[in-house]
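Chain nomenclature is as follows: A, B, C and D, assigned in order of appearance, with residue numbering initiated at 1 for each chain independently.
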Amino acid sequence: MAVIWQNILTFLQGVLRFIGDPITILNQWLTGVLSGWGANATLIQVILAILGGASLVLGGLFFTVFLIWLERKVGGRFQDRLGPNRVGPWGLFQPLADMVKIFTKEYITPTGADKIPYNLAPVLSVGAVLAVIAVIPFASTIFGVNINVGVVYLMAVGAIGELGIIMAGLGSNNKYALIAGFRAVANLISYEVPMVLVLLIPVMFSGSLGMNDIARSQNVWYIFLAPLSAAIFFIASIAENSRAPFDLIEADSELVAGFNVEYSGLKFGMFYVADFLHSATAALIFATLFLGGWRGPGAESIPILGFIYLSVKATVVYFLILHIRFTVPRFRIDQMMNFNWKFLTPLALVVLAATAVVDKAIPSNLTALRIGVNWIVNIAIWVAADRLVRVVAPKRVVPEVARPRPLARPPLANPPQAAAEHEPGGEA
Amino acid sequence: MIPLSWYLILAAALMGIGLYGVITRKNLVGALIGLELMLNSVNINLLAFWRYLHYAQPEMDGLVFVALAFVVAAAETAVGLALIISAYRSRKTVDVNEMNLLKG
Amino acid sequence: MSAGQVIFLLVGAVTLGSGIAAVNARKMLHAALWLVLSLLGVAFIFALLEASFFAVVQVLVYIGAIAILIIFAVMLSRSSLTDEGTQTNPRWWLAALGLLILFVGICAAILLWPKVTSIPAPLPASATDLATLGKELVNPNGYLVPFELSSILLLATLVGAIYTAVEKKEEIKK
Amino acid sequence: MFTDWIYLGIFLVIAFALPLAAITFAGVISPKKPNPIKDSIYECGIEPIGESRIQFKVQYYVYGLIFLVFDVETVLLFPWAVAYNQLTLFGVLEAVLFIAILAAALIYAWRKGALEWL
């Protein structure tokens, strides 16, 4: 009897351990199985790498289906609609139906299209976003790869995405697509400048470029040490995935539908997937860099907890992105460029320099003092920037579209201003 | 293991291709593209020497040189393209053979 | 032949092939796109050399900025878009011949050099650590002067390029 | 370390190959009935006039240029940021000088009117 109990207990312990840290245990198990089949160590590593990579990529692609549903549902609620609600419970299967439809749509290649760039563009777009997943640490043991240049890799992969947009614009043989593509790229590269600048701050604090190292080193969330940089990074990453208010790429009222007008079927679908997945990865990256990533109570010993923490943090950020998307009107392109080059970039430069000097001046073991001084400096910079904008910015001439008009009703016999005319000082 | 000579020969070939582009292209932008290839071949060489011929203590010279080569390459491209745009604006061509103002 | 050598040969072939295509393409836009592929190949070569930081920076700077700048510049000059005639000088074969001889000469020189067969020692951990590079860059006895000078070079680049490229106000009025 | 890169290479191949495979697969199962009207360029139903590869204004180039300058700057600043914890205050101030010179570049571009879209 005792033996059976013992067995059940060990089994339960095993299950718990598996739930706590599935990837490591799966890894060990697969390694055992494969070496049992007589594979050598290199081959096992390669096979595991292929399996891991394929599962991450496929997971990303199918997760997008859920993201699309989420975005439509949340967007519906923001706009006082129901959102998808016919196919499946709460319309959950709607994106699946869309997927089937988009798979069977005809590809229409416009006349005069440049075949190779035209067909390569959607692959580059979606591949660049998928490649980001490789360096995101989902938990202390669950990550694709912790290369020692993870942060720069993120930016480099973004460059491939820009290339995809340029190719789509050039290949389509369409003026609208070309203009939209070039505007999109001008937009993306512009907002990359403040993004890279504030990206240096987590790197400075953690002393590493690896994403997992950055997550691991956050005893204090970096948003508390560098609130202004976090804000700049957040704004720039919204602009990078071209969400409203920066959605000039898809400015439907100006540029038909952006650089992907000439695409149909799954080629268009790939741009769509890239778009949705991009904002999800942006939320994940923000959570990793500034919100402590998978860090939380007990996350070191039980990796799955870290995964849950990261999901919660990323969901909050993602919801914020959605909130901004559905409530803020679009910028004009000149406003957008001005905002970036004349406000965000100088601000990022100042914040970077100030944070570097201030944080060096304070010993790093005085955490409370560090946070306090950093906040004071950040707030001071923000106030100064705000004042400067008001002083320097040219006075806007507001066109008279809302001139006071004559009222339909006659003025009151005793205007209420009469009471205000009594000077309080006159009494003395 | 890959021998050092492979990298050097690859860099030499890339340098030759780039130089060919610079010499033969009529279009100035095309010449600049050739120049980019040449700069890259230099970087391959620098990194290969850094990787293969560093002795006892780690030498950062190779890496610093590559970093500075990046800066110089960026400066060269930016100014070169600006000159091309300026030339195009005044002469409406980017053809090297038609820029013969000094020919007399 | 080891796996590393196979990868090297593949990447090298792609790099050189797309390089040749880049200098021969009729349309400048295609040349720029071939250049991108070639630069990507160079990035992989850097990764093979275990210079991971520069492999990534290669993509970031060359593909993300320089190639895009070249494409922008191509789109600015109309004649380079429409001109689809032969893009090379008539005596291109002379250049090709000369460069081939040069290439063979360089190869001979490389292969005769005694150190060419040296096998790379495993990199010490401090060599792959970027912090070493960073400290060296701001070390007054190291590379501080080039570091600051590169900043000034970038400033000069920006000033010069903007001064050259942006139209003067009088020209706009004309 | 190096195995990380092999893994990353495999991951990149998968990340780019899977969408390619999906697109090819959808191309096989989807109908193919092209006709000239359907394939014509979509410009709001109006016949396209002239070449589609139009000339662009110089502003794109200027933004690209400023971006290039700042992008290259980060090449030098990233190693510095990694070494930040091991540097003295002097080392930090050197980098601040570096950033200040770049800020001067940005201010020049601003004064020169190069940042205006119009």
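Basically, a contact is a pair of C-beta atoms (placed from the backbone, for glycine too) under 8 Å apart; a residue touches a chain by one contact, two chains touch by 3 or more.
For clarity, every value in this text was computed on a predicted model and none was experimentally measured.
K.L.:
So which chain ends up closest to the centre of the protein, judged by Cα positions averaged per chain?
P.N.:
Of the chains present, the most centrally placed is D.
K.L.:
When contacts are scored as defined above, which chain pair ends up with more C-beta pairs, A-C or A-D?
P.N.:
Pair with more contacting C-beta pairs, A-C versus A-D: A-D.
K.L.:
Any idea how many Å lie between the Cα centroids of chain A and chain C?
P.N.:
So the centroids are 31 Å from each other.
K.L.:
Using mean CA coordinates as chain centres, what's the gap between chain A and chain D in Å?
P.N.:
Chain A and chain D have C-alpha centres separated by 16 Å.
K.L.:
Per the centroid of Cα atoms for each chain, what is the distance between chain B and chain C, given in Å?
P.N.:
Once rounded, the distance between the two centres reads 6 Å.
K.L.:
When the C-alpha atoms of chain B and chain D are each averaged to a single point, how far apart are the two points in Å?
P.N.:
Averaging C-alpha atoms per chain gives centres 21 Å apart.
K.L.:
When you check chain A against every other chain, which residues touch at least two of them?
P.N.:
Counting only residues that touch two or more other chains, chain A contributes 147-148, 152, 170, 182, 189, 192, 207, 209.
K.L.:
Give the residues of chain D touching no fewer than two other chains, as numbers and ranges.
P.N.:
Touching at least two other chains: 1, 5, 53, 56, 58, 60-61, 64-69, 71-72, 74-76, 78-79, 81-84, 86-87, 95, 102.
K.L.:
Got the chain B residues that touch at least 2 other chains?
P.N.:
If we look for residues of chain B contacting two or more partner chains, we find 67, 70-71, 74, 77-78, 81-82, 85.
K.L.:
Going by the touch rule stated at the top, which chains touch which?
P.N.:
Pairs of chains that touch one another: A-C, A-D, B-C, B-D, C-D.
K.L.:
Would you mind writing out the residues of chain A in touch with chain C in their complex?
P.N.:
Interface residues on chain A, with respect to chain C: 117, 147-149, 152-153, 155-160, 162-163, 166-167, 170, 182, 185, 189, 192, 207, 209.
K.L.:
Using the touch rule from the top, collect the residues of chain B that touch chain D in their complex.
P.N.:
Listed in rising order, the residues are 67, 70-71, 74, 77-78, 81-82, 85.
K.L.:
Looking at the complex, which residues from chain C come into contact with chain B?
P.N.:
Going by the criterion above, the answer is residues 2, 4-5, 8, 12, 15-16, 19-20, 22-23, 28, 31-32, 35, 38-39, 42, 45-46, 48-51, 53-54, 57-58, 61-62, 65-66, 69-70, 73-74, 76-77, 79-80, 83, 87-89, 92, 95-96, 99-100, 102-103, 106-107, 110-111, 115-121, 123-124, 126-127, 132-133, 136-137, 142-143, 146, 150, 153-154, 156-158, 160-162, 164-165, 167.
K.L.:
Across the complex, what residues on chain C touch chain A?
P.N.:
Residues in contact with chain A: 29, 33, 36, 52-53, 55-57, 59-60, 63-65, 67-68, 71-72, 75, 128-131.
K.L.:
Can you check the complex and tell me which residues of chain D touch chain A?
P.N.:
Checking each residue of chain D against chain A gives 1, 3-8, 10-12, 14-16, 18-20, 22-23, 25-27, 29-34, 36, 38-44, 48, 52-54, 56, 59-60, 63-64, 66-67, 70-71, 74, 77-78, 81-87, 89, 92-93, 95-96, 99-100, 102-103, 106, 110, 115-118.
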